[in-house]
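Below: one structure, written as structure tokens.
Chain nomenclature is as follows: A, B, C, D, E and F, assigned in order of appearance, with residue numbering initiated at 1 for each chain independently.
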Amino acid sequence: MQEEASEKKKTVTFGEVLMRLSPSDNRKLLQATQMDFFFGGTEMNVAASLAHMGIEVQHVTNVSNDIVGEAAISTLRKYGIGISAVKKVNYSLGLYFLEVGSAMRSSQIAYNRLNSSFANITPDQVDWEKILSDAAFFHWSGISPGVSEGAYQTLKAGLEIAREKGVIVTADPAYRSNLWKYGRSSHDVLKEFISLSTIFVGGVNEINEILETEFSADEEGFIEASRALIAEFPSVKKVFDKVRTSVNASWQKIYGRAWNGGKYLETSELEITSVVDRIGTGDAFAAGLLYGLQHFDDQEALNFANAACALKHTHVGDVNLVSVEEVLEVAKGKTDGRIKR
Amino acid sequence: MQEEASEKKKTVTFGEVLMRLSPSDNRKLLQATQMDFFFGGTEMNVAASLAHMGIEVQHVTNVSNDIVGEAAISTLRKYGIGISAVKKVNYSLGLYFLEVGSAMRSSQIAYNRLNSSFANITPDQVDWEKILSDAAFFHWSGISPGVSEGAYQTLKAGLEIAREKGVIVTADPAYRSNLWKYGRSSHDVLKEFISLSTIFVGGVNEINEILETEFSADEEGFIEASRALIAEFPSVKKVFDKVRTSVNASWQKIYGRAWNGGKYLETSELEITSVVDRIGTGDAFAAGLLYGLQHFDDQEALNFANAACALKHTHVGDVNLVSVEEVLEVAKGKTDGRIKR
Amino acid sequence: MQEEASEKKKTVTFGEVLMRLSPSDNRKLLQATQMDFFFGGTEMNVAASLAHMGIEVQHVTNVSNDIVGEAAISTLRKYGIGISAVKKVNYSLGLYFLEVGSAMRSSQIAYNRLNSSFANITPDQVDWEKILSDAAFFHWSGISPGVSEGAYQTLKAGLEIAREKGVIVTADPAYRSNLWKYGRSSHDVLKEFISLSTIFVGGVNEINEILETEFSADEEGFIEASRALIAEFPSVKKVFDKVRTSVNASWQKIYGRAWNGGKYLETSELEITSVVDRIGTGDAFAAGLLYGLQHFDDQEALNFANAACALKHTHVGDVNLVSVEEVLEVAKGKTDGRIKR
Amino acid sequence: MQEEASEKKKTVTFGEVLMRLSPSDNRKLLQATQMDFFFGGTEMNVAASLAHMGIEVQHVTNVSNDIVGEAAISTLRKYGIGISAVKKVNYSLGLYFLEVGSAMRSSQIAYNRLNSSFANITPDQVDWEKILSDAAFFHWSGISPGVSEGAYQTLKAGLEIAREKGVIVTADPAYRSNLWKYGRSSHDVLKEFISLSTIFVGGVNEINEILETEFSADEEGFIEASRALIAEFPSVKKVFDKVRTSVNASWQKIYGRAWNGGKYLETSELEITSVVDRIGTGDAFAAGLLYGLQHFDDQEALNFANAACALKHTHVGDVNLVSVEEVLEVAKGKTDGRIKR
Amino acid sequence: MQEEASEKKKTVTFGEVLMRLSPSDNRKLLQATQMDFFFGGTEMNVAASLAHMGIEVQHVTNVSNDIVGEAAISTLRKYGIGISAVKKVNYSLGLYFLEVGSAMRSSQIAYNRLNSSFANITPDQVDWEKILSDAAFFHWSGISPGVSEGAYQTLKAGLEIAREKGVIVTADPAYRSNLWKYGRSSHDVLKEFISLSTIFVGGVNEINEILETEFSADEEGFIEASRALIAEFPSVKKVFDKVRTSVNASWQKIYGRAWNGGKYLETSELEITSVVDRIGTGDAFAAGLLYGLQHFDDQEALNFANAACALKHTHVGDVNLVSVEEVLEVAKGKTDGRIKR
Amino acid sequence: MQEEASEKKKTVTFGEVLMRLSPSDNRKLLQATQMDFFFGGTEMNVAASLAHMGIEVQHVTNVSNDIVGEAAISTLRKYGIGISAVKKVNYSLGLYFLEVGSAMRSSQIAYNRLNSSFANITPDQVDWEKILSDAAFFHWSGISPGVSEGAYQTLKAGLEIAREKGVIVTADPAYRSNLWKYGRSSHDVLKEFISLSTIFVGGVNEINEILETEFSADEEGFIEASRALIAEFPSVKKVFDKVRTSVNASWQKIYGRAWNGGKYLETSELEITSVVDRIGTGDAFAAGLLYGLQHFDDQEALNFANAACALKHTHVGDVNLVSVEEVLEVAKGKTDGRIKR
């Protein structure tokens, strides 16, 4: 894949930008008087992470036509994301409240995104032809079509044009049970959209849901599930997955595995003994993968993705802001965290 | 009025509880990484202010069934407001973003309250018979019926039962142009609801809007307007108003005036040369008035309301948290702000 | 016990409310310019935790008649604790300074509670007859009678009336060497008060101190010690204890064990690998137990208490603010801390 | 006076060091979760201000033998105050809570200093002979003898030895109604101690209280009062006073006036239109005066004291931390506040 | 001028980006443990302000090749400034410490910019031909050539090419006495560079310095001085100036005046009674002027510049972040600061 | 050694004081708007740690002649360090930016110390004769002579005089690759200066560098290396080293070992499972050693140094601020971190 995609060519992402509001210092919301805020959202996180690593990215979304939307756009710009396809509309920006967990206490999220600026997006607001004309990659997640019929239709239009243009489509089939309230079923939509995708960023659980199969979670099960997925959706060429062991909210282990069509690949496991921020770690994996696929072979790309995912756990915010050099070091096994002067 | 209402008897308020999010230190939202938050809302502010002064108050509203709603309820409890008529529903709590102005720069507000937990209130969710059974006062504002048909219907039901039970109804005909999107006109609804009210907390502008008249803003105009209002709505007995001069966002002057059916009353002007927080100052006036009407004669009540309004400008938050003693001192003319040890 | 006590019936607690002042971010006091503050105190922590879980609670105490006492009362109200037996007196509220430890560095506490508002409490200030008239549970700790003769006398009066009324009395024989300066000995008072109690929340160390025995700390020793205690104090029916292994200040392990008169019970061990706040974890155990005894059988109650104790380590403040659902999940073994959306 | 005292010689101060705890951003205590803290106290403020201006100072006091006392000592050292006469004792450091006022809202203070480490000071703890052996100035205020009999006796011992040694004694007869609970009357003690003093830093009100006279507050009254004071207490040579007009808590005007035994002196009025922190402004005047008397003639010293007082209003904390150069500029009339690069 | 420059065409700015470090809440540096930081610098402030108003801008500078330089670039991007001519070099980013003054206390600045990344800029690092190829405006200030010989040479090269290409050059002859250490004299360099400029943004003082004249500061003096400047430097067509009255550090008044070659223009005076941040107000004037000259006639442009300057005083940071709409309102006389909902 | 050095005698340190600027809460610099700041520097850290433990210390350095230098001096005074040999010069104080790492993410440092006030130090600015006249110990590190020729010359002068006067010289041969830009080689200078030193605080790596040997890192290698060092530099009597295992940035293990001329000594390993701040831990070891050598035998001194090092990891800042008692407890094996009341 390395040879097909050049760093020059653009990655396009599509999805909701949310404001995240979170009391600091492990306070519960009812103990706090202040909240930190960040802008994030699964696909924007991928975009920001890529832009931070020097890849040209354009994000497609709607934001609110007020001081919140203005701050969201400022943040996209700050990360170096192209904003020419970001529209301001007269609906509030979606947001969520996060109480950060610790040890056996789970983080808790309360969403306020119903009828948000993104939920009101419609296909006519996005000029996919133009946006995708110079794109090498298009990244989507299963969250966006769960938001509203408009988001579904808009993404569908984008995927079809991407397919036409031979853009490499990466799919993160993230399922959120608190979405999908507008009528369509997650199952149907994922099948439809994965049939338009090239790279599947997910694992056995996701494949079992899509194919209604019962593959096991071990290496063999993963290989079989990947093969079955590719058999069902011939556009899909490769499956990349991260496997997470959650010791507790503050202690996580992850490793990556992949079926690249012909071969099973696996990384060593990375251990984060003092998680700072768990949000966006999956997106850091996807972004690491997208970067890796444009620079390295599949094994190295998987290593890079896994290291990026691990490193995202170590600083705050939804977006992975470590450098390519930092990711590479960890990907190559340097995990002792000694000070850099 | 002093003799009719006793401190023992309850005041009931109805309206939306909003979370207010605001960057501190005169930052613009796009410069900030943190926001202070408070819970407020015009009628809740009145409730909290009264409870803080020792009056029994019950607030009727819906909040979200999540960590935000839990924090909102905690806050109501903290102020000492009765919460037995607060329901948790599966819609997000309304909120607003505030950039605090300074000098000639206006404060700017962006609302996110469409389809909020309060907007989804319906008359069947509120047992007005029970709630109003031991009430002496019922306070409403023109904001609530502007939110949704459900809020309109619920308030209407409450006002009718209040009327039946002889509860004194205080009306703050606050108009917000960014509401009233669901179909009814502010003009019609205000006329309907003021015909069910006892005390009108507003001035010439509001009366002109309601009666479609053109009274002038001076003393004479105020008296004539008040008389016309009372003539049109015989349930209304008195009109209380505060007159604000906005030197700039950080420097305000206010005085109160009233037509109590037979007499024109006026306070001296109070000057706030260093405004800390402008939000909720009108509600502090209303609450001061409600407290005053239960403890003093009309002139003293007006002085008390005006002092309460002035003092709300001097600390943060939507709710007036100064003590009765502090208000009384200012009402009696002590405005030198010397340290109390 | 489940059938005897209903959730409707009230729990009464008695004890000092302290303001806790603590520099954030692992600063030493001499490095700081700000401190976070919380209101707590062992019995109030139990009260708040119970109220937060939906139990009706009333706390009996004195606070200062100033802005600090006002804030303390606001906090009790915020948690939903009944405050009708809280008196304001002309002595300062007790307080303590906390430097939060980490790894092998211990947290350090400096108290300022001598002659506090609570230390000046006297039996005539508390109408125990009325307060206990509708109580199902009364909770006390060994800290209160160590504060002053007045606190001793007041608690004694309460315990005697509780005993008369058949209220279930839970005893936490916490010993603080920095108290007991006013003349009485901890040993004598504990013996006197445990003879008026029903449930003993303590372990082998505490029993050895009270009985002047030397039981060992293992399971057998615990059972024998519990039997000896019950033999000595026939009012005591059950003994509940938590066993803590302090790997270091940031890493703790706990499990619960009990002798319920006929049977030895034990929970599995919970491990907190990243302690956020160690203060109040014993009180969270006691509150969990009181909740559990009103809803579950003894084994489940012990599991619940242990889980509540573990969860208190994961957020800041003296009071356990996790939900019943969160406690139940951990009590049932779900400790992976995965995000809840 | 300039020639008598040289900058080389030491100033000695005696008094309580208090921790001040204050919510920031004009929050009421019940709205806050954090407080800023500072160490201050009227005589320590004078000491710190002098040390900051390069004068050798030694402060005599007791602090607590805990992390709070350690932080207090660190702060004294930080300002450059000599600490060899600061003892650690087993009583808590006194403290106070401050809600900062604004406009017509007064700042409010709640003290917690009863039985503090300073209140427990006794004459045998202080080696006045040694401490005063190389002192040029000794400064005391009327607050210290109001704290406890021990503080009274200790100060008395110091004043007598100062008198013997010919040390110049400056007296600030500050009266606090919330002190003087231990038996002695402020009136008697002030008379006793002023008879041992050289410079009186106070005005007509204070003189009227001490002499039980009724001089008027105007220039003539001030001169007559000063003459009467000097007539009564021949040790007193000069009277320095600042006259404050409190427009409101955020807007103050001050000027200085003096009777230097032969001549009436007066400064121009300085206007602080945006008060940052009102605490310690009187102490800044006293320190400015002490500095001025060691460097300038009486008129210049008065100008310097008045400018120092004005400047203390413009930054936070109890202690004046502007430089001699900044004070001199304002003393000479430069009050436009232009940026210094 | 309106017709010559279109909004489409780019503005180019050149100058140092500094990190500003400032304790918050009117603390002195020695009282603080935290500092707020911002990125600014006179010409970058102009660039950011213009970009925020929708003008295409490119800034030319060097930043450090470390995490500080990365943050500086992120900030430029955030404001929407083109960064393709920003180079990373192996020298630290310049910075300054600011203690914010209040009332008669001046703000104090300490610079750390000697040998900074910008001071090490050289003409060969900047491709002026390319950068200026599509520029309509080029803005420079007298600060840049005072930094180093390299900065002087680089700006000189830029100005000469701008002149060739007919770019409109705006000159802010800001003089800083703490610069100009490398050998050249401010006087000589300003003369050289103003002879290459089109618009002079300065007043009588600056002109007197440049021409070694003694024009008076009144209207007449301003007109004569402007005429003399234009006579001396025929490339200069117009002179725009703001006149500031510094009541004190927290209270400022400003108005604008201009000589546009044929006519004297003047704005009304705007009063900022509660200054939030004084830094960058001159740059806000320059940016307002550059925006105004591209959209309005000279009088309106001057009004706009003056309003922008006034509004910059009302929020924190070096950069003016109010909207065009807000500036226009104030320019048209609405200064009452009423809340915008 | 215990008998040679008495606590009365002074320790002298020489080196740069740097301001450290660091975003809190694991933010990357580009995510932050605030930074915490501390003053530190390897030799000053040793000085502060010793002063905090009651040892008389004097630090020799230059700071900037501005508000930053003033704050640096205040901080030295606060810790109790003698400042009579600290000069203010017209160069900026050196500083560094720190992004605190976590888990496998390394902390990252960016320095801004080129041409700092310390770099401009010259031998004639320091009166070593006087400073060292009553010194028992002189501590230096390999960082100082790497800063500039002036720093090299100044330290050289100090070491020679120390040698003459029989002062015990402790050497920390810290090597920083980002220094040593001015011409001299680290290798040559270390050899020169170690030949003037008594105690070597370093390990096998450092010895291998100095002697150009290849000793192994195990116990045997350490002993042989130490012997070789002492053979080469007869002034050196003892070698003390700490051995660090970096599990990751948040999890460290350390133990101490020593060759005291005749015997190999070793401590048990201490584990810091939740590192708060890694900076200054080596300096805490050195200071612990200096304290230990003045109070205990070599084994106890090594235990003390190792415990001090471990404890520095547990609070923020460059300086070790735990008490002698806390260090002793850990040195004796109490590492469970239980609360101290």
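Keep this in mind: a contact is a pair of C-beta atoms (placed from the backbone, for glycine too) under 8 Å apart; a residue touches a chain by one contact, two chains touch by 3 or more.
None of these values were measured; they are calculated from a predicted model.
Asker: How big is the rotation relating chain A to chain D when the fit is done on Cα atoms? Please round to the nearest 5 degrees.
Answerer: 180
Asker: Matching residue numbers in more than half of the contact pairs is the bar here; say which of B-F, A-B or A-F clears it relative to D-E.
Answerer: A-F
Asker: Could you work out how far the Cα centre of chain C sits from that of chain F, in whole Å?
Answerer: 45
Asker: Counting only Cα atoms for the centres, state how far chain D is from chain F in Å.
Answerer: The mean C-alpha positions of chain D and chain F differ by 41 Å.
Asker: For chain E, jot down the residues that touch at least 2 other chains.
Answerer: 24-25, 28, 30-33, 36, 74, 78, 108, 111, 273-274
Asker: Name the graph shape formed by the protein chains and their touching pairs; answer line, ring, star, complete or other.
Answerer: complete
Asker: Using the touch definition up top, name the residues of chain F that touch chain A in the complex.
Answerer: Touch list, chain F to chain A: 25-28, 30-31, 101-109, 111, 176-178, 246-251, 273-274, 278-279.
Asker: Okay, in this complex, where on chain E does chain B touch?
Answerer: So the residues of chain E in touch with chain B come to 24-25, 36, 78, 270-277, 310-311, 313-317, 321-322, 326, 330, 334-341.
Asker: In the complex formed with chain C, which residues of chain E make contact?
Answerer: Going by the criterion above, the answer is residues 31-33.
Asker: Using the touch definition from the top, list the residues of chain D that touch chain C in their complex.
Answerer: Checking each residue of chain D against chain C gives 21, 24, 28-30, 32-38, 64, 66-68, 70-71, 74, 91-93, 95, 97, 99, 108, 110-112, 114-115.
Asker: Considering only the defined contacts, which chain B positions touch chain C in the complex?
Answerer: Going by the criterion above, the answer is residues 74-75, 77-80.
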